[in-house]
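For reference, chains read A, B and C in written order, and residue numbers begin at 1 within each chain.
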Amino acid sequence: MVEPRSDGLEDPPLLVAEGLGKDYGRLTACKDVSFVLYPGEVLAVVGESGSGKSTLLQLLSAQLTPSAGRVSYRMRDGMLRDLAALGEAERRFLFRTDWGYVHQDPAQGLRMAVSAGANVGERLMAVGWNHYGRIRDTASSWLQRVEIDTARIDDAPRTYSGGMRQRLQIARNLVTEPRLVLMDEPTGGLDVSVQARLLDLMRNLVNELGLAAVVVTHDLAVARLLSHRVMVMKDGRVIETGLTDQVLDDPREPYTQLLVSSILPV
Amino acid sequence: MIDVCGAEKTFMMHLQGGIELPVVRGVSFRVEPGECVVLSGPSGAGKSSILKMVFGSYRCDGGRIGIRHHGGMVDLAAAEPRQVLSVRRSTIGYVSQFLRAVPRVPSIDVVAEPLTASGMARADARDRAGALLRRLNIPERLWSLPPSTFSGGEQQRVNIARGFICDLPILLLDEPTASLDAANRAVVVELIGQKKRQGVAMVAIVHDDEIRRVIADRIVDVTAFASAA
Amino acid sequence: MNAPSYNFAYLDEQTKRMIRRAILKAIATPGYQVPFASREMPMPYGWGTGGVQVTAAILGPDDVLKVIDQGSDDTTNAISIRKFFGKTAGVATTTSTAEATVIQTRHRIPEAPLHGGQVLVYQVPIPEPLRFLEPRETETRRMHALGEYGLMHVKLYEDIARFGHIATSYAYPVKVNARYVMDPSPTPKFDNPKMDNCPALQLFGAGREKRIYAIPPHTNVVSLDFEDHPFARYRFDAPCALCGAGDSYLDEIVTDDKGGRMFVCSDTDYCETRQAAGHRGSESAAPHREVAHG
C-alpha cells in the first residue's frame, strides 16, 4: 500500500511575489507580477528573450531592487519576511543556505579554478563546517548524486564538460539542502542528450528533496518535464498562468497559442 | 466518485483569426465506485476532450466537474492549480494514448515514478513496477532501457503499467488497448476487472467493440453533448 | 646626530597626522584594513614603502629603531631603511631586539619575546587575504563586513586535497579578536603563534595597496584550520649550525656548488646573542662549548 502523502494544501506559502515591477527609465522590464509558490512546487516562467523573465528572476533573488511591489519569503522559523526588509547579512546568509541559484552559464555559479570538492564544500564551510573529512565526504556523496565520478573530486571544473559543470553547479547549490532553487535556463547551451540527462536528474532531486523551484526557460519541453505550473510572460507582463498541462495543452491567450504551436515537431 | 454536470468546452483559435470552435456542451454523467463508464461516439465528437476536462488538463468554460477527493467533493472546473495537483496525486490517475517520458529514463523508473512521487521507497516501487511490467509481457532485459527505444505496442504497455501502478480511486483510460495484440489486450481487460473489484471508478475511451462490451458497465454517448455550431 | 635638511622622519607633519589617524582607527578595529593616502617614498614599491610610512608616523626623537629583512639586520634593505631614519629623524638605531622600541620588519617576527611598549611594524605587499580567491575588492570588503569567511577555508581545503596537509607555509591567514580574518604578511607560519596575545603593538603597512591594519597588545590571534587538520608550526628539524638553537626558524644557506648547505637562524640578532653567550653549533668557528644561557 502506498501511504498517501499529505496533499500539502494546508502548508503556508514559501515565496510570495506581489505586484512586482521593474522599470529602466521609460522601459518597463517587468510589470505587476504576482504569484504564490508553495513548498515542493515547481513554477516555470516561459517566454521569449526580452519578455522580462530573467529580470523577474533577478527581482526574486534580490539582485535587482524592484521599482514596485515586493517579494516575501517564509524563513525557517515560519515567519514570512519581506526580502527588502532583511539586512544584507541576513539576506546573503539566506541565499547561501536556504536558496540555490543555478546560472545558465556554470562559470558564473562556480569557482572555475578551485577543485570540484571545494566548490561543493564552500557553502558548508560558509556555514561553519570545520571538519575537512566530513566536508569531503559530503561533497563526494553529492558528486555521486549528480553522477560525477568521485575520482574527479580534486579536478577544477575548468577541466569538466559543459554538462558536468552544470551538474556540479547543481550539487554546489543543493549541498546545504535549500528549500528554494531559482534556475535561469538551466539546460541552455547544452547538447540535447546532455539536456535530457540533466532534466532527469533535476526532476529526481526536486522530487526527493521536496524542493520548490522557479525555472526560467524559453524551452517549453523543459517546462513540461520539470514544472507543475507555468507562467507565460510577454513584454514584462504575465499573460497566462495555470497548470503546466493546462497551459501547454489548452493554451488560451493568442501569444501562448503561438508559442505552443511554434514548437518544432521531432 | 465523479459527478460531471453541464460542463462545456470551446476552443478559441487565435492563430486562425479567432475562430471559436465549440467542442462539447451540457456534459453530464456520474460514475460510482467500482463502475466503468465508456464514452462512445465517432472520432471528433469530443471524447478525449471530456476525459481531459475530468483530469483538469482542459479548462472548462462552464459547468462543474465534481470529484470525490479526501472524503469531500472538489469542483475541478473551479479548483486552484494546487488543488488539482493534490487531486491528481491522491485521487485521479490517467492513462493517456501516448507516453510522454523524460528521455533516457529506464522504463522501470518511468513506471515506478508515480509511486516514488507519492513517497514510496525506490526499491519497493521498482519491485511493484517490475511485477506489472512482467504481467504486461515486457521482457526484463528491456526494463533498464528508456521506452523511447521501444515499439509502439511496448511503449503503450509501459504507459499502461505507469497508469495502473497506483491505487487511486479514479482512473481515466484513453484508448488503453489500441495497438496491443490479443494477449496483451486480455491482460489489460484483466487489470481493469481487478481495479473494478477494488472499487475504482473508471472512465474509458475504447474503440474496440469487443473490449467495450467486456469492460463497460454503462455507455455514455458523447454525440448527445455535441455543441452544433 | 642632526637632520637639518629634512622634516623629522622625512614625511611632513600633515601626512604623519593622516597616517596616525589611520593607525588609531586600525588599532580600534583589530585586523580591519584601513585605507590611507599612501605617499610616494624615495624607494620603489615592494621595498617597504608601507612600513616606512607607518614607522615615520610613529617615530619620536627618543625611539630606538631596529630594521630587519627576513630576520636579518644586515641585508641591503634593512641597512638602507635604518640609515634613512638615522639621517631623516636622527633617531638611535640598534640591532638588538630587546633594546629597540620600534622594529620594522619584512617577513619575520623576532625570536626574542617582545615586551610591552615596543611596536612591531610589518611591511605588507598584499594585505587582502581573500584576494587570490575573490578578485573583486567590492566583494572582499563586503565579505569582511559581513564576516563571510567560508572562502578562506576553501583555500585550506584545496591545500589538503592537493598535498594531504595544509601546505600554506607563509602568509597563513589568522582571525584577529574573533572578528576579522587577516593576512599576517608573508611571515612563515612558524611565527603565527607569536602574534597571539603579544605584549607589543603590531602595525601593518601596505604602501602600494594603501592599507594599514593593526593588532593591539594582548589581542587574541588564531590561525585558521580544520578540526581534523589543526594548525601546526613548521620548522626544519635541525639545530642552528652557528648557535645550536633548537627552537628558532632556520634559513638554508647554500655553501658551495656541490650540494653543500647549512641551516642557520634567520634571526641574526638572536643567533649572535646566543653565540656571544657561548652557545655553539656544528659549523661554528670556535669549538663547541655549552654555556648556561643568560
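Criterion: a residue touches a chain if its C-beta (ideal position, glycine included) is under 8 Å from a C-beta of that chain, and two chains touch if they have at least 3 such contacts.
Bear in mind that the values here come from a model prediction, so they are computed numbers and not experimental data.
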item	value
Topology of the chain contact graph, where touching chains are joined (line, ring, star, complete, other)	line
Chain whose average C-alpha position is farthest from chain C's own	B
Chain whose Cα centroid lies nearest the overall Cα centroid	A
Centroid spacing, where centroids are CA-atom means, of chain A and chain C in whole angstrom	47
Rounded Å distance between chain A and chain B, as computed from the means of their C-alpha atoms	31
Interchain centroid distance [CA atoms averaged], chain B/chain C, Å	77
Residue numbers of chain A (touch at least two other chains)	none
Chain C to chain A touching residues, read off their complex	133, 142, 146-151, 153-154, 157-158, 160-162, 226-229
Complex interface listing, chain A residues touching chain B	1-5, 7-9, 38, 41, 193, 196-197, 199-200, 203, 207, 224-225, 228-229, 242-243, 245-246, 249-250, 252-254, 257-258, 261
List of chain A residues in touch with chain C within their complex	88-89, 92, 96, 111, 114-115, 117-118, 121-127, 130-133, 135-136, 153-154
Interfacial residue positions of chain B with respect to chain A in the complex	11-15, 52, 56-59, 70, 81-86, 89-90, 100, 102-105, 115-120, 166-167
